[in-house]
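Each of the next two complexes has chain A plus one more chain, namely chain B in the first and chain C in the second.
Let's look at the complex of A and B:
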């Protein structure tokens, strides 16, 4: 089909539909694709200094990716994203299973309870954790004292800070995973479980043979959505750990923010942002695939 | 193969009783059909036998052994669900053999049983497909296959045909019945469809409001309904049923509209109020009959269904051949004493 035929034929057939999606497409082009393309274009030129405006191609990418700090940022980001996604989904799954077995009233109360952190502004949530972990008068220190453990400042080591950061991310997003997985659980017909019981499957076998495979879609979807959110969150590492100690919790999103707004190194900020954008697109593709897989 | 007996079986949810003191014995190799309108408790009763619902009081015995507190998996029964309950993420083969796998049967034995069952049900071609790729009839067969391979003591069927179209339903009910006869497996079959009940059961148990109101062979129930409810529920087109009073000579029941039906032989008292019923096929056009006006004519090709009004009583009349009658035409309708069912005003049969 020629492009002309496609355009005229397609327009005639889908004219209405195009009209309806036009505002969204326009907004996305203006606010997302436009800046992304323009950002990529700018990243190909020297942005400041003596040679401002000179074409450098992908040189900056090479520089950014071979700089000593880059490996640390990738590791921290991967640790943070994987750690919080795995913990959130696993814990969310467990809680969803528990809520699914409750009576209607308790189930509703618990659902609201776990969704509240999700609804709280992330800056407020992050500040709560900052105070929670404060080394001199934080609640965390007090809690350690109550159970007779020596006071430890989690922020004094890289591992401690990463765990603290992951915990705050899990706390923030747990409700989302619970609600999504719970609705997935509710969508599994009771008949399957009854047939399996008669077929001789015990509780563990029913879980493995029915619940897990039928919940694969929601599990994948929530993992990808949470992964995208964790990859892009700035306020959580910025406020809870500040990226420290010694950049051990500096994720790529925080790194972009720091380069752009505290070091005014726009060149590196844009380059990193474009790299992150590509990773995001990969994740979104995964998301679309898992959604499509679920409707098969 | 097994004998199933239900003794004083009851089930309540809080203050609501859904199964009331049921006593029923299902013989070895018998196909018993539980039939009744929605909400009569037939599915609950079946699920109690399966072990999916708890028992409030009374006992369920399989081969004499009380199974009230025994897990469904250990009752050695197989069930076919109305929705089929096929696992969508498993192939036909995996669906059929799931119960065997759960029981850790040997691989060769599983393969052999699956092959036998799929051959019997014509599923050989579809073993590698997923339920989503099958037609309704094929899914129904897979659900049957899953029950067959288990070689259980008893089959439980929960309205297995109600999601099929009419033609397939007729075919499947014959196949299921033939298969059940061949295997000789004790079966309990729940349906709300009285035709299915009539054609499939060795015996039928008619349920109403959590009670079994009558148990018997299909024709026995059809010919001698225990009460007005059974008379109405079994038979299509439905029996004609109306209030009447026994004449002074005790020979006929007369409706307020003046229609008289012969009741000689029934245990009736002259002048007593009764409910009388006559099946549509037991009314015939005859010169000695009561005059009635034809109000509607339905030709099925095989027979003719009339709605005819005698006085203020509308009657369904089923005639075994083609009758070219016009609306508004007068016919004379007669009946024989043996065909008239007489009930008390509350509905109990008078014989």
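Let's look at the complex of A and C:
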């Protein structure tokens, strides 16, 4: 079969489908792939302001990745993404299990309760946390006082600021994880549990042998989706910690923002953005594979 | 009248109704302006901007101004990106730190035709000179400010501190200690608050040390190259660190933006802050206290203050504007004598024109306005403007990073300054 015949045949068979996806593909090309390709092209030239200068090839990638602050930014990003994903999924899993055992009305009320932070604007949520942690005026200090602990300013140390940032991210995205994992739990046929119970399996055994393996798909999907979201979030680190103290909470996304809009260093900003784009593609591939795996 | 005639009449009426707004729209010129102030906002400067724009539209019936509010510390950078992409606004307020960089990109139009020679002479000052090259004027200044110490007189009086006696760094240290009420977690009020975070920050004590006595060894070279790793820088960092270690300055300030520091001042948690003179009008409003003093940064010499950065917003026209003349008219209108007077009397900013300063001498001498006179004198005696065309963007972040290294990690001040200097110079390609 010639390529032309193959394409014509394919078009005839999938014409309708292609028509349906065409607007989305067009939007993606215009708003995502186009700018990404253009950004990569521009990153190969020396940028003076927004104007392209001499061709420098991939040199700038090597420069950016070997600069003193790059390792710190990568470490902070990894800590933030891993910390918030692990905490969100673990806590979301526990809450989903709890809700799954409740009656319908209580389960619905609790679901609404946990989804509210996810529905709140990110900027509003981040500002709430900024003020919550504010050392002398914030509620955090008052809460410590109520329980008889000494006043601690989480923002005055790198570790404290990172924990504060992770907690903010967990608060924001917990509802999403709960809903996703709960729908996974609901999809597990009750027959499996009954059969296991008849065979004498205890609660822990049922959890280990049925719940966890059958929930692996939703667990993986929620981890990847949350990981992508945390990797790309700017507003949370920008508002909650400002990237400080001492860049200890400066993530890659915030670093791109700072380079572009605080330091007006578009060259490094674009380069970092392209590197992040590649990492995103890897994560999306993981996501697609886990979705496919779940459907098989 | 038959049906056809009625229908024709109706159709004509509908067509007329549809076309009238289009025709009106065609006559109307809309000027897009980026500024960090919201003309419908409630602060004193926002109210003045709203009034000036309304006056401009009333006196120029064919021109409408559409203000698009931006975040102040990103607005100029966004403008440069928008200019490169071909969709920048007609009028832009350029941050003086970035004026040289913007001018080098060729994004600002010559607006000298909108001003008479008398106007330009009246507006003449180092920051207007920084926007002027070969007779071409690329912008005129507004919202003039200098950074210094802002103090609640009431708190100083209570502690028996006379602001006029804060003339040396040692005087400032002593005053900050005296003004601090409580200690540790139970501190009620800090003597001196500083914004030492990484975003939205003002220059402070370290820059004052670096600029003072830097003749022959400038803190910023002609291109803007940093030269901070020296004894002056070390003294500046040591002073900031000592204030924090003694408890007179909050350690929390290492993570504050300037707005958070101003909020703390408004809440009565700081007796003195390091801030911008232009904010005093808003602070009088938010504290309900007119008696707020502006004190120049002291120095080691009791006879004169430290040098400090002057800053302003240069209002300019984008070279890609489709309505350059109307845009230039707006810029000229915003700085005409009548507008300048309103900016000073109602907006609390320093006069842009020499004639305004002369005309409002009595107003500036009133007790609640003496801070403006003090700031104006400080600008004249010790104001510092970046070298012409120099790119000094981001220096505030780098300096604060050095301070954080010393205070939080116990780093050697000289080493921290070397690293900050290197990071800044590498980023700028110096």
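The rule is short, and it goes like this: the second predicted complex is superposed on the first by the 289 of 296 C-alpha atoms of A that agree within 3 Å, B and C clash if a C-alpha of one lies under 4 Å from a C-alpha of the other, contacts with A are read in each partner's own complex, and residues count from 1 in each chain.
Simple rule for what comes next: a residue touches a chain if its C-beta (ideal position, glycine included) is under 8 Å from a C-beta of that chain, and two chains touch if they have at least 3 such contacts.
All of these numbers come straight from a predicted model, not from anything done at the bench.
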Identify the partner contact of A:150: answer first if only chain B is touched, second if only chain C is, both if each is, neither if none is.
second
Have a look and say if chain B or chain C is in touch with more residues of chain A.
C
Is A:137 touching the first partner chain B, the second partner chain C, both, or neither of them?
second
Please work out whether A:192 is in contact with chain B alone, chain C alone, both, or neither, and reply first, second, both or neither.
first
In the overlay, answer first, second, both or neither for which of chain B and chain C A:53 touches.
neither
Would you check which partner chain A:201 touches, where first means chain B only, second means chain C only, and both and neither mean what they say?
first
From the superposed pair, tell me which chain A residues show up as contacts to chain B and also as contacts to chain C.
none
So, in the complex, the side of chain A touching chain C is made of residues 48-51, 67-69, 134-137, 150-151, 153, 155-158, 161, 238, 241-247, 258, 260-266, 268
Residue ranges of chain B in contact with chain A within the complex
50-52, 71-73, 77-79, 81, 83, 85, 87-89, 98-99, 102-103, 132, 146, 150
Tell me, which parts of chain A touch chain B in their complex?
189, 191-192, 194-202, 205, 209-210, 213-214, 296
Contact set on chain C toward chain A in their complex:
73-74, 76-78, 80-81, 83-85, 98, 101, 104-105, 185, 187, 197-199, 250-252, 254-255, 257, 260, 264, 267, 269, 393-394, 397, 401, 404-405, 408-409, 419, 423, 426-427
